[in-house]
Structures are given as structure tokens and as C-alpha cells.
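Read the structure below first, then the notes.
Going in written order, the chains are labelled A, B, C and D, and every chain counts its residues from 1.
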Amino acid sequence: MPEKPRLERQPMCDRLAMEFQDGWIVNLGVGMPTLCSNYVEPHKSLVFHSENGAIGYGPLAPPEKADRHLVNAGGQQVTALPGLAIVHHADSFALIRKGMVDVTVMGAYEVAENGDFANWRIPTRKGGGIGGAMDLAACAKRVFITLEHTTKEGGPRLLKRCTLPITAPGVVKLVVTDLGLFEVTPEGFKLREHAPGWTPAEIQACTEARLIIADDLREFRFRARA
Amino acid sequence: MPEKPRLERQPMCDRLAMEFQDGWIVNLGVGMPTLCSNYVEPHKSLVFHSENGAIGYGPLAPPEKADRHLVNAGGQQVTALPGLAIVHHADSFALIRKGMVDVTVMGAYEVAENGDFANWRIPTRKGGGIGGAMDLAACAKRVFITLEHTTKEGGPRLLKRCTLPITAPGVVKLVVTDLGLFEVTPEGFKLREHAPGWTPAEIQACTEARLIIADDLREFRFRARA
Amino acid sequence: MKNKTYQTFDEAVVDIPDGSVFMSAGFGGVGVPRNILAAVGRQGAKNLTGISNNGGTLDAKVDVGTLIAAGQVKKMYCAFTAATHPSQVTPFVRMYNNNEIDAEVIPQGTLAERIRAAAAGIGAFYTPTTVGTELAVGKEQREINGRRYVLEYPLHADYAFIRAWKADTFGNLVFRLTQRNFNPVMAMAARITIVEVENDIVPVGELDPDHVHVPGVYVDRLVRIPPDGIWD
Amino acid sequence: MKNKTYQTFDEAVVDIPDGSVFMSAGFGGVGVPRNILAAVGRQGAKNLTGISNNGGTLDAKVDVGTLIAAGQVKKMYCAFTAATHPSQVTPFVRMYNNNEIDAEVIPQGTLAERIRAAAAGIGAFYTPTTVGTELAVGKEQREINGRRYVLEYPLHADYAFIRAWKADTFGNLVFRLTQRNFNPVMAMAARITIVEVENDIVPVGELDPDHVHVPGVYVDRLVRIPPDGIWD
């Protein structure tokens, strides 16, 4: 396994956020996905939705602006943007189930080439932490996944079929890892962008699923950071 | 058929209202039942609920106090009492279906000794006007019915079985007519109070169902009007 | 955030195609989107399907009955296909009696819940209402915890016609008293929600997030009722 | 109108019997009825069944985990029976792993909707969530309009533990920002609703009817959080 540098988490999330379209309702999962909200393009107006019923909240609150009654789905204090609306939990998930969420970004343990993914339960541990992930995965218009390309032990996470209990079948549209950007197509994972210095063959070597190489494969697009 | 005086509508409704208990949530149907709200006992605090989501409204609004945004289920302008709360239509019927309404008072074409009643459709006319009656009838803790004892043609309305399409089966607890007060028991209609000057036999003669005469049968109790 | 304000009602309804399904809110004459309905009347879309508490009243005001009387509606889902009093024969009731319009009568609570189910992505639900009546005949039923229930399905719509008290430019809505009625659930259920507003449409940030009854994400088009609009 | 104010939390929970089912609101540490939970801890009711987003956190604050750690809870219905990170072993997770408490993991939206179904007299409903996953195994499913759904049943409770921002003496409730979360649906679902309030409980008539999030008819007992109560 080559010991080349991989992508950092922030550029991975920036890359997904570049796909968000003006006006989209965006739900960011706890953990790495919340980094997507650091990527701001002034011409795009996004509406951030969290499971606890905040619709249209803003960035994480600096301590002096924190409001103890306003948190995101991770329990982090966030800021109120003009236009914020609040609904209760049942109405918040009504919005999700109606299919109003344009994209949900989540972390995962595994993603499969058929669009399945797993992020809630490891059978060797009892129980699971499902939160709102199954509702979002089943109902959002698009599911984007961000995860490390390999396990700590170097094993693959982009698989032919998930080995862990799945969160939803066949829903993943786009995956970013620290090695590249992958579109989930009917034929499987299509490598669209690769981390600098990594060849498709090297990425395939870290991947269980067979990769399709995009005709227009290019190096990973970073945003121009201010 | 004797031509003795029968009860007026207001005392009929007063008599039902006397049964309301302190703290009850009360839903009054359009028409005659709304007269129940004219009967006020200062020691009783009732919460009037209407299908359009007003919980805790007050009497009909005199023109100078009318608010064009506040109407009851009959579209009549009513007054706001302190403590009024508003919910939307789905939440209003959630309250009804949960069984929170302690009593619903409705008019009817027919009531049967098994507690069925009919108030929404006459098969000789196409269509029906169901409004919120079926939800209330199916879900309220008690259904009270107020109706004329006989049809315009003198036919009975307290029947062995309803002839019209029913609104709900077996739900009626108490019936007031212009001839008396009737409890619906497992054995059928029990005449508890009779209109002044009317004998049980005379009332039975206007009734298809066989009446049970209460041991403590008494003359109709009017309220002492202020 | 997107400004969803339209200058006129005619602009806000111009693209409604023939054959659309619409929901129209209001109850007891309050919260009725009369200006939108008047514009749809002028626009002339045909073969519409309507979802509303009733099919219009006998007063001279613009309501769903205006579209029905103009022959624009082929079917109604509502809680009244006959008036409670036989003397009240509305255009809708007359046309229904003459088989000039189709209709399905639905108990008001089931109507509200079927709309809410569409707003909430629910596939179907069991309600106790109508059990033992002719309205339950032919419907799937089951006993749950010793009580009988009837299976009911969501009512979806292309458009919701809504009347609100206040709004901001993004479409956050506030209703006043029983103006609320069917307005929030219909606004949240339809694909495209068009709102007439009784007060000036304010910039985002002016409405208290805790007082918003319908989040702006559900709203597509807003029109301030002009001074010469329909107010009552 | 009835005054539902109690002077102390201990009075408000004194009669909760062993074996009761309770709902406890709160999400992300906000809107958690910590004072009520602390009182239930002192009161000592046993064999409780809990319905809550989670089974408590690792911080030192009073939450549902406090009752669990004290051995008062026999079963939890919640969206997390394991922490997202293996290092976060709460008392609940430890006891669940040791089979000292029973639990059912429920997707958060299904949890909220099952509570709402109890509040709305719905017998059961079909949701698309969990289709194709192990959580749907053994559950009734059906296809509606080309999509698969899973049948889910209401979650009823004897008590709801609620935290509100404002209240009047009749129990009309107002929440602030994401304090709202599970509070309204739980308050409307349970048989007996007990509320801790962050501001002075005002006379009826002081809250705007359009701003009330939970009508007082759903509320049974109110306690103002005292200055030395649990605030965060």
C-alpha cells in the first residue's frame, strides 16, 4: 500500500458541498459531514435542516453568540439565520419523509456498488445508533456519503456488497473518500476524480468493488479557499 | 296525537348542558346544539372545542366584538376567552380521534335504541353532509343527541333500528327531545324525564322503540334562568 | 434566500395546467384564498380536481364553488356533497345532483389527516372514523388492540391555495386565529404552494422563528392582497 | 379555568406508580425535563418503560440515563441503543450490553411519528423508513403506489415529561427554538402530561393564542423551575 498523502477531511467535504445547488434543503449528519457547511459560495443560498426541527439555521455559534436553545442534530450550538423556522420533531420528519430534503450527507462504515450503505450498527457490538439516518436515507432526494477509503487496518470500505447491516438499500448517489470522488451508477462506482498523486490502479487496489474509470477522470477539484 | 305543548329548544339544550361536568372539553354541533353554550353555571369551567381548531372559545360575538378571523364550526363569529389556543385542522381532529372530547352534542334525523344515530345523509337526496360528525361520533367519550321527538309528519325518530345511513354505531349515551330525556341503556331507551303534562304512555305512542320507564321518572328539570 | 413574491395573482397562477389537482383551504368563510381562486377563474384551467372542506357556499363570495360553477372542476374531495339543510342548494350540489361533477364525501377529520399524510410521506393510515357506516363499505379494515379501524390513503395535490395573515419573502407563514384551519396542512402537502397574504410581505428575519406556522421551504409563490383585492 | 400549577416537582410526580410508561422529551441536551427526571429519581418508581430519543448521555447532567443507572427502568424505546462512537459507553449502553435493561431501537422519524400517532388516535401507519433493512424484518409491509412501506403502531404512554419556555396556569405551552423538538408531540400523546417551565407561569389570557404550541387541554401539571433548580 503506497504511503502517499491522502485528502484531508475539509477538502473532501468541500468537494461534496460544491455539488449542492442553489435553494437546496441540506441535511448534514453528525461528525465529518458537518464540515460541508464550512464551504460557502455566495451565489448559492442553501437551507440547512436538522432533525430537531431547525429549518434555515446558520454556522456553528461562537461562544459569545451561542444560544442555549438552538442546537443542530449533533447538539452543537448554531446561529439563527434570517428566515429560520422551527417545527417539532414529528413535523421535522414529515418534511424528511415527504422527500423535501434535496441532499443528506452522512458518514458510513461501508458503501456498496449497488448504492447500499451501512452506518448504524456493528453486529459485534450489541445495539445500534440509528438516529434519523434511516429516515433520511430512505426519503431524501439524494444521499451523499463521506468516509475514509479504507479501514484503520487498511481494509476496503467501497465494497461489492455491504457486510454490515445496511441503513438503506440502493440510495447512495455520490461518495467522497480521502482517495477520490465516486459516482454510484447502475454499473457500479465510477471514479470521477482522484486524489493528487494517486493513479486509478492504486485506488482500485484499495477497493473491493471494481471501479469504472470516468472518461473525463481528473484530479480532485479543490475549492479556491478565501 | 295529543296537541299538548312540547319543550322549546333552549330548555332541551339546557338540560343536556346540565350534564356537562367541570373541566369537560365540549364540542357542539351546528344548529340546535350550539344553544347548549347559553347555559352557564359559574362553578363549571368548560372548554369549548370546534373542528376548525379553536380550543377554549367563548359565546357568540356581539357585532361590536366580532373578529373576522375567529369563528366556530358553524362559521359564526365567537369571542376569545382567556386561555384560548388555536391548532390547525389536522391537529384539531387529532385531539378528537385521541378521545379528548368529553362530550359532543349533535342533532340527528334518527336515533336507535342500540345507540346508533343518523344525521348526515338522506338516501332520497344524492350526497351527504358529513362534516366532522363521523369523527366526533366515533371518537368522543360521549355522544349526546338533541332532536324533535317526531318528524314533521308525526313519524317517530326514536327507533328500534335506524332506517337512514348511520353516522356511528352504538355511541349515543343521552337523548333529549321535545318530549323528554332518554338514557340509552343496554336494554334500550330509558325515559328519565318527561315534558310537563306528558305521560309515559303518550310519549311511547310517539316512539317506535319500546321505552323503559325509569324508576325515578320525574318531570323535566328546567334550569332556574337568571 | 429566494424572494418568492409575485406582483399579481394572475402571474402566480398563469401556468396551472388543465387537469391539475388543487387543495383550497378555508373554513366557515375564514382563511379562504379568494383572490387566488378568482385568478384561477380568470385563468380558466379546466378539468381540475379539488380538495376542500366544501364545494362552496350560497353567498356571493368567490370560493371553490366559483370554479365549480364555471365548469372548471371535474371532481371534488370534500366533507359536504349535500348541504345540511335541503334548501341550501349550491351550484356544486346542483351540478352533483345532475351528474355534471364527480365527488367523494370524506369525513372532515379523515380529510385533514389524508392531507397531512401527504405532507408527512405516510403511505396510508388506520383511523376509527367511519367504522360501521356505509362510508367504510369496501374499504380495508382491521382490528388493532380491540378496536376496528379503516385504512385511508394520502391525498396529494399539485397546488395548494392558501391564505395567510403574515409572510416573509421566503414564504414563512403566520396565521391569525381560526384562519389557520386547513391552511398549514395543505401548504405542507402540495407540490406547489401559492399564498395570498393579508399584510405586507416582510423581509426575512422579521418573523419570530417560534411564531412561524408554515416554514418557507413549503411555499413557492406569495402575493400581497392589494387594497382593491378580496378581503372578506 | 383550572389552575394546574404545582409548587414542587416532588408533588407533581408523587403518584407515579411502578410499571408506568413515560415519555421524556429533549434533543441535543435542549428541552430535557431534567427537574422532573430528578424528582422521579427521588420518588423511586420502578419497572418503568421509557420512550425517548436516547437513553442518556455521558455528561453529569440529569437525564433519562439517571433513572436507568438507578435501576428504575426496565425497557427503553429510543433511536440509540449504542453510541455512534464505541468509546462512549453510557450507563444505558453498559446495562443494555449486560442484559440488565431491555431496549428497542427505532429510527428517529418513526419514533416521532409513532408518538404522534398516539396523540392523533391513529391505529397504525405505513412509513417508507427501514424498508430493505434488518429493522423491517418480521414487520408487515406493503406496496402502495409502487413504493414499499412498513407498518408501524402508536407508542402510548402514561406520563409525558416536558420542558417548556412559557406556560399559563391552564397549561398552554410555548417553546423556544429547538427546545421544541419532541416536547409538543409527547405532551399531546401521553395520558398525563407534566411540565417544567423556564419562566413564571402566567395567568390565562397572557399568551397569544396564535403562539401557543401545545393547548392547555393536553397538560395536567405545571411546575416553575425554581432558581436553585436544574437550568442547563
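Basically, contacts are C-beta pairs under 8 Å (C-beta built on N, C-alpha and C of every residue); 3 or more make two chains touch, one makes a residue touch a chain.
Source: prediction; values computed, not measured.
A.B. asks: Strictly by the touch rule at the top, which chains does chain B share as contacts with chain D?
C.D. replies: Touches both chain B and chain D: C.
A.B. asks: B-C versus A-C: which interface comes out with more C-beta contact pairs?
C.D. replies: Of B-C and A-C, it is B-C that has more C-beta pairs in contact.
A.B. asks: Per the centroid of Cα atoms for each chain, what is the distance between chain C and chain D, given in Å?
C.D. replies: Here the centre of chain D sits 33 Å away from the centre of chain C.
A.B. asks: How big is the gap, in whole Å, between where the Cα atoms of chain B centre and where those of chain C centre?
C.D. replies: Here chain B and chain C have centroids separated by 29 Å.
A.B. asks: Measure off the straight-line distance from the CA centroid of chain A to the CA centroid of chain B, and report it in whole Å.
C.D. replies: The mean C-alpha positions of chain A and chain B differ by 58 Å.
A.B. asks: Between chain A and chain C, tell me the centre distance in angstrom, where each centre is the average of that chain's C-alpha atoms.
C.D. replies: The computed centroid separation for chain A versus chain C comes out at 37 Å.
A.B. asks: Got the chain C residues that touch at least 2 other chains?
C.D. replies: 113, 116, 120-122, 127-128, 175-177, 180, 209-210, 213 - these are the residues of chain C that touch more than one other chain.
A.B. asks: Multi-chain contacts in chain B: which residues touch at least two other chains?
C.D. replies: 80, 86-87, 90, 93-94, 96-97, 139
A.B. asks: Name the touching chain pairs, would you?
C.D. replies: A-C, A-D, B-C, B-D, C-D
A.B. asks: Residue numbers of chain D touching chain B in their complex, please.
C.D. replies: Against chain B, chain D makes touches at 1-2, 116, 118-122, 168, 170, 172, 188, 203-205, 209-210, 212, 215-218.
A.B. asks: Looking at the complex, which residues from chain C come into contact with chain D?
C.D. replies: 113, 117, 120-128, 142, 144-145, 147, 149, 153, 174-177, 180, 209-211, 213
A.B. asks: Enumerate the contact residues on chain B facing chain D in the complex.
C.D. replies: Chain B reaches chain D through residues 23, 25, 45, 47, 49, 55-56, 80, 82-87, 90-91, 93-100, 139.
A.B. asks: Over in the complex, which chain C residues touch chain B? Could you list them?
C.D. replies: Against chain B, chain C makes touches at 27-31, 79-84, 86, 93, 96-97, 103, 105-110, 112-113, 115-116, 127-135, 165, 175-185, 213, 232.
A.B. asks: Any idea which chain A residues touch chain D in the complex?
C.D. replies: 30-31, 50-54, 67-76, 80, 86-90, 92-94, 96-97, 121-122, 125-135, 138-139, 165-170
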